[in-house]
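Chain naming follows the written order as A, B, C and D, and within any one chain the residues start at number 1.
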């Protein structure tokens, strides 16, 4: 099996798995096990892909191209760059953990649930490896369907409003993107991303950017974030904030900036201002949220702002830092939301008023939450710190005040994350915290521990991503040269 | 072509069509509405035949015949409806049959 | 050219009679209170139309018109009217509500536009043209046309008729209430 | 030599991981011994590195600047972070400065961890404590051995993290958790300022290694900005004036934590930072003098506040703040080696003071209020004498260690000579008086005289020697000896092996090298000031000859710690919280979250209007049909 088929297998294996899991009338346990099998197979395949990927060679690797609409110049064109290897890795690992959590929690209607999760995996991987605008759009939309059903059916009390708002926001953005894609494709006579020419049209750039800015929420467009993150089941929120949000940021990196260099530089200050606003606004609101998921939701809004800051800084450090931060934050917010799920399973609520004092008698939960919480607030030495440091150093070269705002946000991050840790673990025992509530079970630990292990490994060696995302010594030049 | 040329036939057809439309618009008895509908169809038919004669192309007449077939089927269904309404003892008045509304 | 004009005058005379009777019966159709008389007026209208078709060398269509249309359709009408019973209702009751006023306005506007369209076109495209071959309008000619050029239209019309027939049967038939299934048959 | 450095660094980390993996299966005592042994292994590694570094002999010119081939070796494990041309390795630098700090951290640290075995005995979460304390020693060593600025910042952050974990160790107490959060946020602020300084360096030099940072020639404003950023971090970590409010609250943590973190090692990280990056500070001389100014100011303020404290640990905490003020003064004026020497001796006697206080608290089962502890000396003679040794070292009475190290700092302030030099000198001497006063106020209140009712009732013997478990007494004894003889290592005018040892890494500035005469009269002044302080304390607290001077306003100001806490709360915390809450209530919920549903409602209303068009009357539909047809024909006519 030559490497070039690997990318397509990575996309279509989970989709096939989804169909299989959906159709086979198996028991709850067997369906879950089968789904887990597919997810872990997916992780294994990714490791194979990462191993085969030759970081010293420029350009697209493991590429596969098949005619789709010949005359329009649309082709099923998939391939992987350095940074997409890492994002695919993040996707498969996070999805495996989320599927495992769903399996552990024992969701009802398991066949539908696991089929949708696997479908979501396939679609997300598809987004990160699509090298053709139409294929990219197809997968970008395909992500939405399973999410809609997952939140709508298995969500919390007010799930329907949240789902509708989520879909409305995302559809609004992606329809505009579709228009931009069509316009771009016809104008350039090809929809291909690799050999498509750069265009100077500001409207197309704004069309793309709107979809990406809604998907990875930046400041004014995050209306859907709080409700969706609160109402979705914890593992879906974990995937939503950890992985799906990265699709928007990946879109900026892969499409918006290289394909529209002049508009990107024209709107640079505007987007940087937007990103900085998201960073500060998210941190402030996280500081004053009243429940577990609220804090983490707004902190992921802040982190998206930070990553966007890195991307639009346009400097070498900025790009590398953004990719590293995408992966690091993906792992962090996935584990944080899973821990939120663990807490909610024991106390049926995430409200801080009712929580507190969970650390006594539950050392595993305390260590886990403190470890992940501390990494997420970017304590120097953690992967998040490496990412933030690179981003802010990169954006500093652009203009010193962005870095100053970023540094301020680091202090805010410390404030809200410590508030979260002590509200859940320390102080007097909350009313809903029963004494006999168990510590983190081995099953749950087996899900969250790999993510934390990944984070620790990334903290020990952040250069694994920051130095192996873009070919050569200058990411900015690679992006300007459209990844040739 | 003896006698009046095609334009006149068209004028008659137009008038016939207008009268049919008026009938449909004003009358409340569904039967009369169906009849005036027939009038409109005939108006149309006349125009078709006139053009067929004018461009001496058979399609017009074929079309005319088809229109006749369609008219026949339409009447069949229309009358079926009227019979059904009648059996249900509903008032045979178009304005009073207005449950189906937004 | 007198002889020609004489034939012409006869045709004009026939046309005038047919036209007048056609419009008069049209007005009659929509104005009679009793639907029975309206149906009869429709027959008159159809007959005058058949004459007009003859003037336009459309013999088969005229024949079909009289036989099919007047013969079958209107008879069915009369049958239904008889079945339903000639309930009389005041056609013009309640004065010209905004409905009727609107209707008159609409029909009038439509009429005027068509006439204008015809007059506008009279100038160039509707010019007078020459003789037409003897077979024009004959049943054989129509038959060949149907089975050669417009076979598809022919087939589709048959399907439409079939559907209408089925529709009519269902609507018309008196649906007996189906007895409830006996209890022992598991639902 | 570098092997020693790696051993020294990774031993405590190994201890932490062993305890964590051990989990509940590990008996509590075993956790204690794992931690202690790992720190002592680190000490052995430090000694090994120390010996290895001695290397080439200094060629010494006149007193002061000696020129050495720069010993000290950089070893890199792997490139930690790399992007484009910027790359930072996981590097350790073993040179005289870092080996001194390694010895202090692992030596004093080992003793304190040994002490905490006895102190924390019986605490349900002992294992967690030892895991955290071993992790702290690892991060402090990483900070000290960091081979480049980023590794130093990583150590800096991890040290802040472990201090958060240890201060908030007893997490049932809300005050402890609050203090931990406050400490971490203030340290995070320091990290942020340092990070900004590093961004400037990256922007200009493209790398964060020491030599590139020291040899870059920036414009004076950027240079002072970098120095200011570093100073911000140092002030936050070493609890100097602008950012000192977290240290007294940090006393919520267990006493060994206070001893190790908030006396001996972590709080001195700021001093080490200035000594390590002294070329940057030297190029921005004004910022360096600001550091000295901050040091002078802090030592006075802290000294005054210590006078009114009633909690034994807070008195010692303020004295730590004041002594670090001395060190800042030392490195601020340029006398890096005397600053570091005072750091070493301070580590000995301050850790001793904390641990003896710990013995007293342990004996009185947790009581920390000195007003209730009268006459403890009679029941705990060993603690009394050790405390006295520490107190005398703190005040700087010869032959105890404080005298040797503190006086050379004040002398180098005198050597500076300019007007601010003399102000620093005066602050130093006044500080010595205050130190004498508050130290012996504590001594006379607690130890001499007849045991008070509270003491008799609460005091209980512990361990075979009656005053505590042997693991507590041995470290106190060792440190008492070190506090006494530690100072003889160097007496500036006569012999100064310590200065020579540090010369290659941080040679004293010529401007700050005091002449012998300055040394002598400064020493005389400080000793006299110290004795006067002791006499006043004796007069007021021991014999009640003199009533406490009645100054209600001063009393209130000191008790409120110069209102710093209230100021910061009103200046930073409350506005931030208010803005955040307003944002959430006035902007987020009504605007952002409502746009979705509002859009929904408007479309529904629009739908409602259209609905009325469907009247159900057949004739209206046909009417529209007719109008539509008419319109279409009209359009065609117009189009024609």
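One rule holds in what follows: a residue touches a chain if its C-beta (ideal position, glycine included) is under 8 Å from a C-beta of that chain, and two chains touch if they have at least 3 such contacts.
Keep in mind it's a predicted model, so treat the numbers as computed, not measured.
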What is the touch distance from chain A to chain C, in steps? 2
More contacts between chains, B-C or B-D: B-C
Rounded to the nearest Å, the gap separating the Cα centres of chain B and chain D is 98
Report, in whole Å, the distance between the mean C-alpha point of chain B and the mean C-alpha point of chain C. 5
Using Cα averages as centroids, what's the distance between chain C and chain D in whole Å? 102
CA centroids of chain A and chain B: separation to the nearest Å works out as 64
In chain D, residues with contacts to at least two other chains: 617, 619, 623, 626
Interface hub residues of chain B, defined as touching at least two other chains: 21, 25-26, 28
Please list all residues of chain A that touch 2 or more other chains. none
Based on the touch definition given at the start, go ahead and assign the chain network to line, ring, star, complete or other. other
Would you mind giving me the full set of chain pairs in touch? A-D, B-C, B-D, C-D
Given the complex with chain D, which residues does chain A contribute to the contact? 161, 164-165, 168-169, 220, 222-224, 226-227, 281, 284-285, 287-289, 316-317, 319-321, 357, 359-360, 363, 367, 370, 374, 377, 379-381, 385-386, 389-390, 392-393, 396-397, 400, 403-404, 407-408, 410-415, 418-419, 422, 425-428, 460-463, 466-467, 473-476
Contact footprint of chain C on chain B as seen in their complex: 1-12, 14-23, 25-29, 31-32, 34-36, 38-39, 42, 45-46, 49-50, 52-54, 56, 58-59, 61-66, 68-77, 79-84, 86-87, 92-93
Quick check on the complex: what are the chain D residues that touch chain C? 617, 619-620, 623, 626-627, 629-630, 633-634, 636-637, 640
Chain B contacts chain D in the complex at 21, 24-26, 28, 33, 94-95, 97-102
Can you name the residues of chain C that touch chain D in the complex? 99, 102-103, 106-107, 109-110, 113-114, 116-117, 120
